[in-house]
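Right, one structure below, let's go through it.
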Amino acid sequence: MTTGGADGARGSKVLGIEEAIGLLPAHSESLWVGGMHMHNVPMALVRECIRQEKRFGTFYAGPSSSLAAELLMGARLVERVVVGYIGFEQLGLAPVFRRLVEKGTDIQIIEADPGSMLLGLQAGMAGQPFAPLPPGLERTSLPSTSPGFYQGVSDPFTGALGLAVAAIKPSVALVHCQQADEYGNGIFKGSMFSDHLLALAADRVFMQVEGLISNDQILKYPLQTGVPAMRVSAVVPVLFGCHPCSSHRYYNYDDVHLRLYMAAASSDAGFADYVKKFVTGPEDQEEYMRRVQNQDWSSIQ
Amino acid sequence: MTTGGADGARGSKVLGIEEAIGLLPAHSESLWVGGMHMHNVPMALVRECIRQEKRFGTFYAGPSSSLAAELLMGARLVERVVVGYIGFEQLGLAPVFRRLVEKGTDIQIIEADPGSMLLGLQAGMAGQPFAPLPPGLERTSLPSTSPGFYQGVSDPFTGALGLAVAAIKPSVALVHCQQADEYGNGIFKGSMFSDHLLALAADRVFMQVEGLISNDQILKYPLQTGVPAMRVSAVVPVLFGCHPCSSHRYYNYDDVHLRLYMAAASSDAGFADYVKKFVTGPEDQEEYMRRVQNQDWSSIQ
Amino acid sequence: MSDDYKAKLRAGSDPLVFFKSDDELERSGIARGHIMAAAVSHALRDGETLFIGANPLIPLAGARLAQLTHAPNLTMIAGASGGVNPLLDPLAPSSGDYANLVAEAVLPFHEVLMMFMGGHGDVFFAGGLQIDRRGNCNLATVGKHDMPVLRGPGSAGIPWASRARRTILYTTAHNKRVFVPSVDFVSLAGWPTESEVGIVSRGPELVITPLAVLDFTADGVMRLVSVHSGVSPQEVADNTSFELAMPTGEVPTTAQPTDLEMRHMRTFDLDGLLSIIVPV
Amino acid sequence: MSDDYKAKLRAGSDPLVFFKSDDELERSGIARGHIMAAAVSHALRDGETLFIGANPLIPLAGARLAQLTHAPNLTMIAGASGGVNPLLDPLAPSSGDYANLVAEAVLPFHEVLMMFMGGHGDVFFAGGLQIDRRGNCNLATVGKHDMPVLRGPGSAGIPWASRARRTILYTTAHNKRVFVPSVDFVSLAGWPTESEVGIVSRGPELVITPLAVLDFTADGVMRLVSVHSGVSPQEVADNTSFELAMPTGEVPTTAQPTDLEMRHMRTFDLDGLLSIIVPV
């Protein structure tokens, strides 16, 4: 149930980025960030979470998380990470994730897989308590490595033994749509990845958009609405808000920036410098993009 | 895995209606017909199944089936029916279904509900053996009435008791898209109801369309493709093929015909006359539409 | 096939107009349908999310009326069609009607139902072939289940009513066959009886009929709230085959739709569908 | 932000070109990437459905090549993007690239993965940080799981490989760190060992590397099938830290792409990405 707006008028959900993330409590139970690999990741919202030091119990790194997982883990804002995939695909491995785990970290790592995570999310969306898994995982190391995530269950119809995961209902989802109206009807102009399902499942959805369109525009072709407004708590317009990730049909990922990030973040000091320069340093997105564009990495170890 | 076409050329799946339904064995394990209420129901394919006397073990009447269920049950081509909803919404109850059940029938009636059926279908699509249900059904008559359909299961994570249904993977699905290319890339120009999920879950999908479009047209806006070709066994262009049901954006349901059907089918003789005149009688869809249009119901009791 | 017939099909036809009399098409007055829709509207709160299933005229009209008056932030999902916040351009009799796609989003039906089962609904609308004094509803079979005297369509989405915060029942038929002491099949579970110790489920909150508005006592017994204009409490009692709890004092009359509400309803009920709902 | 920078981002950039040398950009010759893609193509059968995940260059190129030559009825799904039968306009290095949406359909990723888990895939492509002699793959951790010497990205979709009829492994790195006797973590289960009595699962069918094509014996042991042009069997052995089964007779050379195949690949590999895959 959402309300808003002056008496008699439908309330706009458009908020500034600081105000939107400011709605989150200091500590939320869980977080799932939309997009996949280096695509459609709402990075401006992620950076603002770090600026405001919002903490999360469980971070779902799936189906594939790149810079969002890196920054949140590096900033020590997450207590445990359910790992489907954390990396930069063809660009390489995730340096902060690597260093934390290889040197030992108090962040709890739950080794999982994106298929099971998405079945859990689907179950969470539909109110099912858990999701039985298809056969196939039994011979991998996953069930024995993560016995709390994967549990045995017997099929009540056949008696066959199998595995199951608990329903996943993230308390917070950050998603990126290319366009939305002020009420939160969001449009994916390219792939929707798993973000439609995520937006239907999560308790609270914060939506970053490249730009606003009118509600009239939404009404003209409702078949392309990928996220219905009823699921959205806030709409945050941010130009180039996915940078250095892509926003389908708007811009590609910035491989230069990403590679330089990966090089910098291979040391604790370099990561700290990167965060200072590109995350906590810039007072707003405009200043962030100015720094990106200057490409002055000399201050970073 | 589908093949077809001359060596070196991609095979067209476009078939005449007789040829397409002729691909079905005399008896299939199960059938799910797409559309909902009186909308997007591939009636021409259903009528052809009756003409060719194709038999089906289980018919899934959900989320809501109207004339398709009536004709298949009335023609005694189904052995058991899983009932989510069979009726004509605001037009009234289903006369054949009523008469069969109220007078006693050897068709097995499995009292179910569309929500559980769709969770079963979703599980079938994803290869899950069964679908746990959200809490809520326990106080209804459904679990005790249909103990084979609803089974108790205990949540392996919490130990809580609940209900579950087995995965549903129809061996045959009949669906209607407004448009498709010759390979079976189908477009829903209006609601897709549950047909996208159905097409992903079923073993074999037969698609009825209002008309063919080129593959180039599909490539121009792939975001609107509702059924990917890989899931489709045959594409059958039939003008007004959903009649007397609607085809979204093409034509509405024919309430005149449906009401006259409901009146006629309130007796065994009237139903037999209807079938003779409108199902087995017409040699093709053109002749069917001629008879519809003449509106001469005098031969029907 | 003639072009005329094609044109008729293409244009669509209003299935209710088919059996409408001239009298029924008279639109100037306030009909029972308008009173019921207004009662729905008054029962809704701003910001709520509504799931509306088959036979949607009354809840669709009521929800849209609420959006246009006191609840601009209300979300309604038009069942089968998947249309979210349809403008009712125009109000159409089938839940799966293409008219419901003049809307803000169109969701696949399985997602609509799964979202509802997932607990995303504030308000759910339901009805039944039978409705009993504890709010149980039956859409399956009247009489014995294996050899019923009336085979209904099946339970549709209503078994999941308890997944919504509150359920509003509505019916266009207020008579003794519908309002029975105890349903023969529970498609939707009402208020727990005294014997169901420990069950904390709530039953439906409100019942809106062509004669009256009813709710439930704290003990879960159906209670008359108000009678529509021109209907006496006795008429309601005569058409209900169990004893209703009564309000204290005189039974009030259900609020008549205001001129503004009637104007709003006429903007979307272009075919006068709300005018032809008569008590049966 | 300058318009120049905006334009650069809007136009997109090829992340591999960034580190390309002039030499690598030379396109005239047949590179290892072309041989690998052609080997993929030759392994595919008309009418099959393929699921392709992260780091998709080789399988995407091979599958498209197959469509353009001997397998016009092949369906390929470009992993993250959800693109079904992308034209590779052009071939792009990230599986989630917008370029993959010049396609016949775009499915939400969760449906892609669920369809695959549901058994709709004929062929699945996978790889690993480690691949062992029974075809087990590891994408999680090298060394002890709780304090690894190398933390990989995680298992991605590969634990579900057995849901496809057959699995083809590919890697752009053929060296002793990748080809190990036994993986430290099983992300994808290979052929059963002698001790796994009663397990009927099949392991991967084929392994395509920058040096060679390999398959598995009936006992489930990795076997050399052919070496690429310019590669000796000894070079393969030197870069594999376990003993490979060997074919009977002389080790053949992997088929070089034909002129026609090279022409096809150049129509979609506009950035010459296949030319810069070199053995590491």
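Each chain gets a letter, A, B, C and D, in the order it is written, and its residues are counted from 1.
The criterion applied here is as follows: a contact is a pair of C-beta atoms (placed from the backbone, for glycine too) under 8 Å apart; a residue touches a chain by one contact, two chains touch by 3 or more.
Small disclaimer: the values here were computed from a predicted structure and weren't measured.
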Required minimum of steps from chain C to chain D, each step between chains that touch = 2
Would you mind checking the shortest number of contact hops between chain A and chain B?
-> 1
Take the average of all CA coordinates in chain B, do the same for chain C, and state the distance between these two points in whole angstrom.
-> 27
Would you kindly tell me how far, in whole Å, the mean C-alpha position of chain C lies from that of chain A?
-> 40
Counting only residues that touch at least 2 other chains, which ones in chain D make the list?
-> 83, 101, 106, 114, 117-119, 163
For chain A, residue numbers touching 2 or more other chains are 119, 122, 126-127, 134-135, 190, 223
Each pair of chains that touches, named by its two labels = A-B, A-C, A-D, B-C, B-D
In the complex, the residues of chain C that touch chain B are 1-2, 5-6, 9-16, 18-19, 54-55, 57, 80-83, 93-98, 101, 106, 108-110, 113-114, 116-119, 139-141, 145, 147-157, 159-163, 185-189, 192, 196, 199, 201
Give every residue of chain B touching chain D within the complex, in rising order.
-> 1-5, 8-11, 124-127, 181, 183, 185, 200-201, 215, 218-219, 222-223, 225, 227-231
Would you pull the chain D residues touching chain B in the complex into a rising list?
-> 46-49, 70, 72-73, 75, 83-85, 87, 101-107, 111, 114-115, 117-120, 122, 163
Can you list the residues on chain B that touch chain C in the complex?
-> 36-40, 61, 63-64, 83-87, 89-91, 93-94, 97-98, 101-102, 104, 111-115, 118-119, 121-122, 134, 136-137, 139-142, 145, 190-194, 196-197, 240, 243, 246, 248-256, 258-259, 286, 289-290, 292-293
Of all residues in chain A, which touch chain B in the complex?
-> 119, 122-123, 126-135, 151-153, 155-158, 160, 162, 164, 166, 190, 223-224
